[in-house]
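Presented below are the structures under discussion, each in the form of structure tokens.
Each of the next two complexes has chain A plus one more chain, namely chain B in the first and chain C in the second.
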Partner chain A sequence: MTSTVDPTIDPARATRGSSRLRALTFLRGTEFTLIVLSVVGFVALASTTGGNLLTGPTLTAVFQYLAVPILVGLAQMAVLAVGQMNLSVGVVTGFTAMVAAWLMVHIGLPAPLAVIAAVLLGGAIGLANGLLVVLTRINGFIVTLATMTVIDGLRYGVNGTGTFQNYSSGLVSLGQASLIGVPTVFILALLVAGAVAVFFRRAALGRQLLASGGNPLAARLSGISNDRAIVVAHVLSGLLAGVAGIVVVALSGSVNASIGDDLLLPSFAAPIIGGVALTGGVVAVLGTCLAAFIVRLVDVAQAQYSIDQSWVDLIVGGVVLGAVLVTQVRTGSREGRRR
Partner chain B sequence: MTFIAEKLIKVFPGVRALDQATLRLEPGTVHALLGENGAGKSTLIKVVTGVYQPDGGRLLSTAGDGTLAEVSFSGPLDAQRAGIGVVHQERNLVPAFSVAENIALQAVPKRRGFVDHHAMRDLARRCLERLDVQLDVDRLVGELSVAQMQLVEIAKALAVDSTVLLLDEPTASLTADESDRLYDVVRSLRDQGQSVVLVSHKLEEVFAVADTVTVLRDGRSVAEAQPLANYSRDDVVTLMVGRAHADLHLETRKIDNQSQPALELDDVSTSLGHHGISLHVQPGEILGLYGLVGAGRSELARAILGLDAITGGALRIHGAPAHIGSVSQALQRYRLGYVTENRKEEGVFLDQTIARNVSVTVWRRLARAGLVRNKDERVLVDRYRDQLGMRISSPLQLAGQLSGGNQQKVSLAKWLAADCQILVIDEPTVGIDVRTKAAFHELIVGLADSGIAILLISSDLPEMITLADRIAVMSEYRIVGELDNDHRYEHTAHKVIRMIHAEVAS
Partner chain C sequence: MSAPTQQSDATPASDPQAVDLDAQRSLKGLPFWANPRFGLLVVIAALVVVFSSLRSSFLDTGLTLVPMQQDLSVFLVVGLAQLSVLSLGHMNLAVPRMAAISAFAMGWCYQHLSMPLALGLLVGLVVGAAVGALAGWIITATGVNSFIVTLALDFALVGLVSLLYSHVGDGVAFPVHPAGMTTLRNDTFSDYCTGNVCGPPVPLIVLFALAAAVLVAVLFRLSRIGREILMTGSNLTAARLSGIPTSRRVIQAHALSGALAALAGFLLAINSGAFSADIGNSFLLPSFLGPVLGGTLLSGGAVSVLGTLLGATLTEVIQTGLNLLNFSVQDLNIYIGLVLLVALSLDRVRHVLAERRGTRA
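So, the complex of A and B:
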């Protein structure tokens, strides 16, 4: 007796069919759209600026300053995976940068130790966020809004409005270096993105986070702790923000307390444009990286054409809103079909 | 594995959901668990699967040496470890995950912290094979049909080596063809020695596939693990209905059937899937709309209220065609109000005063130069406090501090304040204690006597037979029958239940 629900599917054909289906899905998906947009945007920018974009220093800068947006985008994505938000991503990046610099300048800690301490500090703040959400049952939005405000103040507590500079020259020269023409900080961001992708795709813990975000009830009935998933997601988010903080320190050579002020919107922009579901359960590492690149292109265009900075925020805000609308229309029509 | 749930008791505030219910399961059988709405089936399943802890009674299961030993489950995981798998009525799959990952979700095969995809696929294929189902284990569950998802859920329940498998209304959203295939799967599992528990309202299917039966009524098991062959379908219906005590006995009320109906639906279809709905309510009449949970009754109310679209047929109010686009229009123009089922979520503003709650529907009328005076609101409350017998300390008390029954009265008062001529009342007494329930019943009848046309939605059959003048029966988004209510419980209950089951069976 064979009861095939869909009689047209035999397993062999199903597999072949589904790989073709998967290719089709990819072509229709967000990530393919973003690849096309990135290439078109880059080529357009390169040609209209008369090739200026392709000269060594400019090209290096494009990718050097892409590292932080990718990292904060991933930090936001980690909490979006479980259906949470983290408003403190930007200030944690700034705070960890300040603390790392302070450790090196005032405490005299060697750069490697300061780097590790700053990343762990990010993780600890994430842990605090996660525990607060789980233990108090207060909405994560509110909790991270509060911690954002607290850390915002702490950022200035480290060195007031003063600037740290002349810390570890080794770290700075490493941060500004390039490996076969590719900036080291960009390589670092890509490596981290790769690790995050593997974590969510293959690691048991990462899958549990996604299961919890995708259907909390099913996850609970399957023995997955939703509370643990929330805490882990926040810790991961904090760690990634910590890494972003280190990149800032290594790349710029000087840091002050205003770092991180302009990172909140980009942290949401990258995952949302990249196709991450705000409701949880779906992550898109490639999409987040591509979206960060596109937002970066808007920045570059501003610099190349000397556009007023306020237009950049307007454009990025508009793109985020548009991406959310497009996602809503697409999922809406899919649900409509199912019903 | 023999599994016995013995004399289970489960008490919720105001209601004894299980009152010494017993369920005995033997390996290699298909066991039907039957009962009317609210008889305690879902509660029993939740206790057996560890979601709820019982307040009394015990669970016994065959131990390794073949003797019965008491077991206790502190959560769903414990029940799974004891070999009890369940497919709940609501979907419990992660849409963005593959078939294989969903099946293995309770015990994902791991290697050094990473998911062992190879072992996971193997496990999923083995489970699907036991069901004789061929499905690509790499497909995303979100892309599957409802029937395929159902099979994935069963495979998921099997993945934890369950020997008892509970299926709660497994065919509720399947076509007849898909149901047949599902029952083939159930029979093959039985032949492999599984004990399958089937909860279904579709008696036809139950009689086709089940070997033994347990019938619940008011939380009690009135038939315990009896061979189904000893019963006819009528016997089972009689067991399910039994005798229920009526708190209030009403004589048949005189309804003027010649007058213009206050609310009339003529061959209405909706965007939610209703088809060919025709019914009418006269002024002063209570029309009961009965059906199983999920039959589409509240959804019909939503469509009448303009919350969802009416796509065909005609809706007439006092004889004139009506196109209701919003609740506010229903209220302002047609004097049509909806006393909602979820009073906590939809019916009252818990953090607001009673005065605000009652007057919310008439703020526009009360307002002078755009401002509403507190005094006017309080006058309004005083009027309904007596009429509805609301027990409140002050109109300024917060609605959230009231008992369920009084909250329901507040919810009702706001529609009366709006001077409604037609009221749709949805599940008025859910979660309300028996005494308040009787008072509420009198209140509803009183409203009808004053000339208001009432469409009463209830899953509580005794309540329906107590209150309604006529009963329309809905099943799967269609009206399957209508009858005059003679307020004789057994007589009418039989007729109503047959209407539902005859429809479902065909």
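So, the complex of A and C:
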């Protein structure tokens, strides 16, 4: 997960030699900035709270609740890679969490099966999104807006406004556990991020997705099916949202249908701050993870200083805008120098 | 300058602009049923028949028709707010919060400055337009995609609005009722009679929505600014080369969007009886539903105000009908989402069929 796009083997970039170098420096720049920002933010927060942040339970919580933002950020990133959007990321996370809990409580399915079923459900929803986009040729934004509305309803259909709890003590204790001091759910998120990074960097299919997102015409002329790329990206996005749903189930011990309401905007914030372009063709796994971490730090600061929750939204909004502006200014001045 | 058309189009392989122009051109020689507005009208009529035969109260004036028109007024204006920037091929995800912050400004003016209703509304419209113009300015100045800019702005405004309410207001709402607010809320034209002739059972606030719709329609159809905004949306480079001040047009379209969002916030406050912090929360989906169902292109360059009215009406009819049939709010969501998908798919099918017939003839 250390790297994002290796431009030397990126077929989309091969056609645009000059932009290749620019994209490389820009990506490195973004990630470097984010690393500095994360470290500075963390150190500042740790020192101003008198080391409270570094005590066991607090530190564990910081990383435990980082898993879901990372996963939904990656879910959004997967579709951004082909130039699509997925507005249903948040509600799919909530829906799969509810279904997993329902399978365990009402059907009596053992936890491992319920987990697999929920992830597959996420993938199936992604497949439906992708097929709808490809078959109807309706804009992906609108398709996922519609499926978001549908799934929002389904999410409440599982158990109304009621709460599921006491489902699987094994799963919950696994979700709460730590491995050599690192929360298991955070490890899971990192593993998934690593797999996504490898997929986009090494797998032929992943490269095809990026090629299709970067330049659909060139991709088609090189024998890549743009339709397939769109479907695969949506399936991947659904699977990742499903994993996020499972993490919620394992972490919290009780779930209700409001899960996912506050995930849509963070799902965009992480990849966009992380340096992913809305135009497609670029992924930044490390950037997305770092951005999720920075947003999490703002959250932690709010809890530590008992600031009004509203400030978090205000600051995150400002940070997203600022990140975009900085990127734009940097690429702009670089272009200017070239001329 | 952003070009959101390219990445958001479902057919990345083809140039979306070219497709749109083809679609526009071919529509002229097509049979009347190829017009999406006609399809909407048929669906609305069919649903009204179905709902009123299942529940006779669907046609009850006081119980159903008047509240429906009140809701519809809000959602028509919300749709127009989105339509103003869709004309550019932009999106405004901050419509909900632009409405919220304008509603705060209006409530504050009524509460603390005891402004008359009209003056407060004017202040709200100016605040909305200013926030919209800010979004437009950021987009033109930086060239960042409108989706990101308005998304981040929405984030920031969510925080700002609740901070403002908790520090300046008294928590969640202004309790003030300026003179005329209750009248606007409760009265219909049937309350005003000259002799024996009374007006139709149409709520007063419908006037505001209709006036907004007519103004927007005239702007995009007849005025120079409106035409230039559409040209900017249809082809930015060509518009700029033709001497259109494209940056100014982008800012103006976003300012219009903000002002309309403010008007929607005002109408909702009138309907619900209070200028509160949750105004605008339900605006995002309806803002897209109306224009998109009505045939406005996401890629810019073409708008349909009449279509937006019909699209908003369809959504409102479905909502009211399913409500009367005792569907829960959650079930409602499922059906509205499905209707959106089906309507858009049918639109696609109809278009393809019509084009085939067109080429054969």
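As a convention for this text, the second predicted complex is superposed on the first by the 301 of 339 C-alpha atoms of A that agree within 3 Å, B and C clash if a C-alpha of one lies under 4 Å from a C-alpha of the other, contacts with A are read in each partner's own complex, and residues count from 1 in each chain.
Keep in mind that, in the parts below, a contact is a pair of C-beta atoms (placed from the backbone, for glycine too) under 8 Å apart; a residue touches a chain by one contact, two chains touch by 3 or more.
All values reported here derive from a predicted model rather than from experimental measurement.
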| item | value |
| --- | --- |
| Partner chain(s) touched by A:R137 [first = chain B, second = chain C, both, neither] | second |
| Which superposed partner A:V282 touches (first chain B, second chain C, both, neither) | first |
| Dominant contact partner of chain A by residue count, chain C or chain B | C |
| Partner chain(s) touched by A:R207 [first = chain B, second = chain C, both, neither] | first |
| Which superposed partner A:V182 touches (first chain B, second chain C, both, neither) | neither |
| First, second, both or neither for A:L314, with chain B first and chain C second | second |
| Touched partner set for A:L120, first chain B, second chain C, both or neither | neither |
| Chain B versus chain C as contact partner of A:A218, first or second or both or neither | first |
| Touching both chain C and chain B, counted on chain A across the two superposed complexes | 217, 220 |
| Interfacial residue positions of chain B with respect to chain A in the complex | 51, 76-77, 80, 88, 90-97, 101, 105-108, 110, 113-115, 117, 131-136, 138-139, 145, 147-148, 151, 178, 181, 184-185, 188 |
| List of chain A residues in touch with chain C within their complex | 82-85, 132-134, 136-143, 145-157, 160, 212-213, 216-217, 220, 226, 230, 265, 268-269, 272, 278-280, 308-318, 320-321, 324-325, 328-329, 332 |
| Footprint of chain B on chain A - complex, ascending | 1-6, 9-11, 14-15, 18, 202-205, 207, 210-211, 214-215, 217-224, 281-282 |
| Contact set on chain C toward chain A in their complex | 4, 6-13, 91, 138, 142-145, 147-149, 151-163, 166, 285, 288, 292, 298, 328-338, 340-341, 344-345, 348 |
